[in-house]
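Letters are used for the chains, namely A, B, C and D, taken in the order the chains are written, and counting of residues starts over at 1 for each.
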């Protein structure tokens, strides 16, 4: 599966392109669904792209007293997500960077992005930045056990934590999808992902109320192109996480062989699945209210227990 | 000297020897204690003389006279000289009251008899049968050391222990080699001289020789 | 009896007596100050000569009248000589400071010289005695001699210490004499009739009547244990050592305790064939554990650093008893090495503590602050000494304690050794705590003339005089050298251990 | 004379020369001379270690040294690995020490014990008999004790820390001594060779005592809970390059001891013992990093992080032991390789972090993160180097610890099918513990780096901080280079680690096939290429920069921070380390039991007007509260009760003798 096959390279390129282009549209679609459910007209699916274009034309601002960390954070955030997009099993399982396509590495890369943003928040030296960073790091620290134990559950049957291997083995053995292990792991991962990407009920992406904001507090000082990068990155992270969740549990449609032809249907399948998942998430969020920050650990503890049960199930029931 | 006379005389001397030790426990006046100690020295010399007579050895006879001179003459004289300078010649209330002391002496006697069982069985002879008396006097001497407050009564206690050991030595093997016996007596004499000198110094610095007040050096 | 052997045997006793005579005649003057050290050096030289003579094959032991020297007594003479040399070499500078402070007069210094030399003569006699009775007489003589040394400072506490020292030691030693008498009785009823002679007793030990010998050995071990600072009658040691002048404490800790333990070892050599090794093993192990427990209990909340060193002597004697209880060849060699190592270190430490008491005026741990900042050389010596005592490597105490522990574990005394090691740990922690409080921290503010403004009325100046510094450092360096490569002494140790184990 | 022996001999000689030089050379030139000499000794040690790992061993006996037991040295790849770690860290800290002018550092005693400390540590892994091991172990403790109390004149706390350190290391020594000597009692002599031979017929009780005692001793030295109390006390008080040496090199010798006794000498002490090691490791990892997350003293934070990393090493060793006793040798080799690689990685980044902390302490005079901040402007190089160290310590991809933690997770993850139900329960819990530790580590080092170095200075000392002298920076740079090398090219190191694992005869000869760039695990499907990951990251970042440069062409400008219109923001409004860790502390407050007190002082006129609010928070070590306090109270009671033994009355003293002798006589009479 390793090595630089033409299909693999093309697949990776297409993946990156789709994620970069599609993520803001996915975000727009989710906001549109939400608006419609709340009886509002909504700003249309293309609104995020329009915001990005507006922001890139604005003047880049460098707040006084901040260091290179503040300027480098958005670039690093986007870069990590791009690498994950190139590596992940979204369109094809034979990605060129197979030796990097390890689930622990992917999770750690995304955590690296979060760390960069938290450091930028601290670097501003304002109360908002510090508060956001502190809360973000607390949540990230508590999410980590759930993510890794869920991966442990997925990898037990496959015998490897390599992304390609997990997806291909799920393809070959469709029965496994509805087994308790996968269901428990899927729910645990879903909760972890909502925490990681700052969606309701953990963090409300739409508000700037200092009592509740976590992700927004860190990026308060960004403006112009930097803010555009940060917005793009958070959209791409959401897309990547949903893509991972989709393909790890519902991998049909992904291109497995070396043939270029299989890429087109894979793109359609990938876009459909991610959009469907995004819309479902948005619809779910309408009925949810944001949890108090110190109730979040209980939610994460619950998801951790689910992941642990998944592992136990994978051992005792296998 | 016929055997029966030898045994009777020996038992008489040992009886007197033990009685003197018990009397030291009983009486409280220092002057009386010193006189009783002199009596015990006499009894010890008698024991040695009887054994000397029985074994017909002139050397033991000479030793008996030496012991008489040292333990009945010189040491009591030294103690009286120290006593002369002393204030109240009465032993204040000892740590263990007299009745309990006597009961203790009884218990110690039983222990001495139990312990000296194997000694007697090793070489059963009239002299070794009297060995428990020696051990009892050693234990009583040690008991006096532990319970009496006055400096001089502690010195008497130490001398009782020494008398008991010397008696045991003579009753078991007719005495240790002469050189050792001389050395021991010299050491005991020096020890008493030192203790007597220290006692007078304590009386000068502390007022009286109640040893229970000597508690400045503690942890 | 060839003339040279009698001369060689008599020398260790005659030389100190000669020194005593010189002090008695000439008094304590600049000229005669170092004769004491000369006599001690002579004693050491005689010890070494005897060691060489006895280690030649064939001439296992030299006898001349009441005196007898074999490898063990030669080794003990070397140990006595070394410690005595340290103590007497430091005495002149110590007494000079005492004279300056007005706590001593030339007459007391002269008496100090006489009594110390008499003490050394008695100790040499004890070690060379062929007869158990003569050994007893010599040990009792030391009690009488050192009584006035302990009470030399004429303070109330010194007097109290002297009285307790004489009474407790005499009572304890009397028990040993009772033991000697009973042993003589048991010996009288054997075919060989050895009397009280060591060699004959050891040779004919198998015929001794076991029951009588058991009582005799028990009394001898407890009796001589008193003078060795072992458990039941140990309480005189802290009082005597904390009140005696520093060189005398060094001598008592390094020489007196060691010679008393030498007597216990000789008794064990007789007891094992007669009664079987089990009896002395149980007795010595019990005494060792009690001594260690007492030392640990009293060191934890100790407030006086001289008493701290005294209790540490009780601890190390307990360790020696544990090694003797193990009884194997490795154990006895480790015990003998520990005797020399402990003697040197404890002598150096007591000289240090004497100097600290003179310069800070108090012997309380709380009274001494920031010594490392105030008097660096003295503090380094004291710190290294305490490190040696608590068993840190470069010093020989580590090697010997390791040997004792190994022997303990391999001779079936596993649990006892483990308990002992834990008690040693508690003691090490306590001593580290006290020493840390004394040495570390900021320097105390000094008065204008360099006198400490601390609690006591310190008299000596901060700079350490060479007279004290050289013996201190010599003691510690010797102990470290012994701990790194005890090559020359190693062979002597093995011969001495063989004389005790009775191996060929 | 093999390369390893020659290099080790050279190291010892140069260390001795350095020690002598420290005493002789005058104060002005003492630190450079000793620093250079010690660096050469460290380099020689490094060469000797690497040569030993490559297989050139030696075995030398010196019976005439150390009376009664003699010394014996022999090196094998396992020992070589630790010698190399010690050597490497020694080079870095020695170079750093040249320019480091702390209080009392120039004194002869301290400068002499620095090379002795390194010499003793180089000898510990090379010891080949129980006596030699104990001697080198004690010399190491003695030298490090002198170094810990270097600055005793300036802070009263240093003497206290020194006492804790001395007592705990002696406790550890007694435990190891009992373990090894009980083992040596069942063998003809105390050489490791005869110990190995006697291991089979060791009775199970003795086997348990040996492993239990040595585990306690080595765990105490490795700072494993519950015997870790000395580590967060001694390391902050020691001079920084000494605490770097202790945290990076000395602490890992605890791990070495467990591997040497558990795998090599004793064979297999039994699955339940390895489960205990794993549990202790996991417990220490979580507990250590939890304490580090809430502490604001920088060096104390790093000390607790050492407990965490040694906990992870023990998790690896415990897992390896369980797999080996269950027969899965490939997995055992992988787990042990992960543990040993983590020892090396931890040595690199912990040395760097402590040296950087020392540089901060030298410049600002304080270790309290709440009082630091804004150091990037005054100390750019130290900030960058601390950043590299923090990245490495927080186990994120391009960092060093990520590689070993990834290897550890792989071994735990694939361990499930291998062994019985016991492992089936422990593996997921272990993975969870490692994961929580990784998460909290990220939070801790974001706090340490972000709060400590970025934003505005919160105290005049931090504002006036100036960069450290070049030798200190050189030392730190060398450590940072080592971190980077280990992060990007671990594959070069794995064959050597494989030899060490084989030497401990725990697992397969070589746990990972490796091409120049990536690791592919043998017998277990899993591969990772840190180099490829880093290059992909750089390429993506470059692409993003270029697109931003193309799209946004307007010139930037500097603007003040958003202050909600309430006047200029001051440094007091920043988030400090205490506030950063407050959410974490609230989440784990039943474990940490923090002591908070808030007292509000009102205006005189009316209770409704608040004059000042004072908030104090102290997070005591709960294990100390519950375990050490009662023990210390009991010992104090024993001490005060003990004093009643010597009340001063001569009658009491004679009474001891009298009753003792009578009791003895009665016993003799009764047991005839």
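The definition used in the following text is that contacts are C-beta pairs under 8 Å (C-beta built on N, C-alpha and C of every residue); 3 or more make two chains touch, one makes a residue touch a chain.
In this text, all values refer to a predicted model and were calculated from it rather than measured experimentally.
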Inset, instruction - Between B-C and C-D, flag the pair that has more C-beta pairs in contact. - result: C-D
Inset, instruction - Using mean Cα positions, find the chain sitting nearest the overall protein centre. - result: D
Inset, instruction - Please work out the Cα centroid separation of chain B and chain C, and write it as a whole number of Å. - result: 32
Legend entry - Approximate Å spacing (C-alpha centroids) for the pair chain C, chain D: 43
Legend entry - Centroid spacing, where centroids are CA-atom means, of chain A and chain C in whole angstrom: 78
Inset, instruction - Return the distance between the CA-based centres of chain B and chain D, expressed in whole Å. - result: 69
Inset, instruction - Send over the residues of chain B in touch with two or more other chains. - result: 115, 118, 142, 145, 154, 211, 214, 216-217, 219
Inset, instruction - Give me the residues of chain D that touch two or more other chains. - result: 642-643, 645-646, 650, 654, 657, 661, 665, 668, 672
Legend entry - Residues on chain B engaged by chain D in the complex (per definition of touch): 95, 108, 111, 114-115, 117-118, 139, 142-143, 145-147, 149, 154, 211-212, 214-219
Legend entry - Residues on chain C engaged by chain B in the complex (per definition of touch): 66, 131, 133-134, 136-137, 140-141, 143-144, 147-148, 151, 156-157, 159-164, 166-167, 170-171, 174, 177-178, 180-182, 184-186, 188-189, 195-196, 209, 211-212, 215, 238-239, 242-243, 298, 301-303, 307
Legend entry - chain B-facing residues of chain D, complex: 642-643, 645-651, 654-655, 657-658, 661-662, 665-666, 668-669, 672
Inset, instruction - Show which residues of chain D lie in contact with chain A when the two form their complex. - result: 293, 373-374, 376, 394-398, 402, 406, 409-410, 413-414, 416-417, 424, 428, 431-432, 434-436, 438-440, 442-443, 446-447, 449-451, 454-456, 517-518, 520, 524-529, 532-533, 536-537, 540-541, 543-545, 548, 551-552, 554-563, 569, 571, 573-575, 579-584, 586-587
Legend entry - Residues of chain D that touch chain C when the two form their complex: 64-69, 109, 131, 134-135, 138-139, 141-142, 149, 152-154, 156, 158-159, 162-163, 166-167, 170-171, 174, 177-178, 181-182, 184-185, 190, 635-636, 638-643, 645-646, 650, 652-654, 656-657, 660-661, 664-665, 668, 672
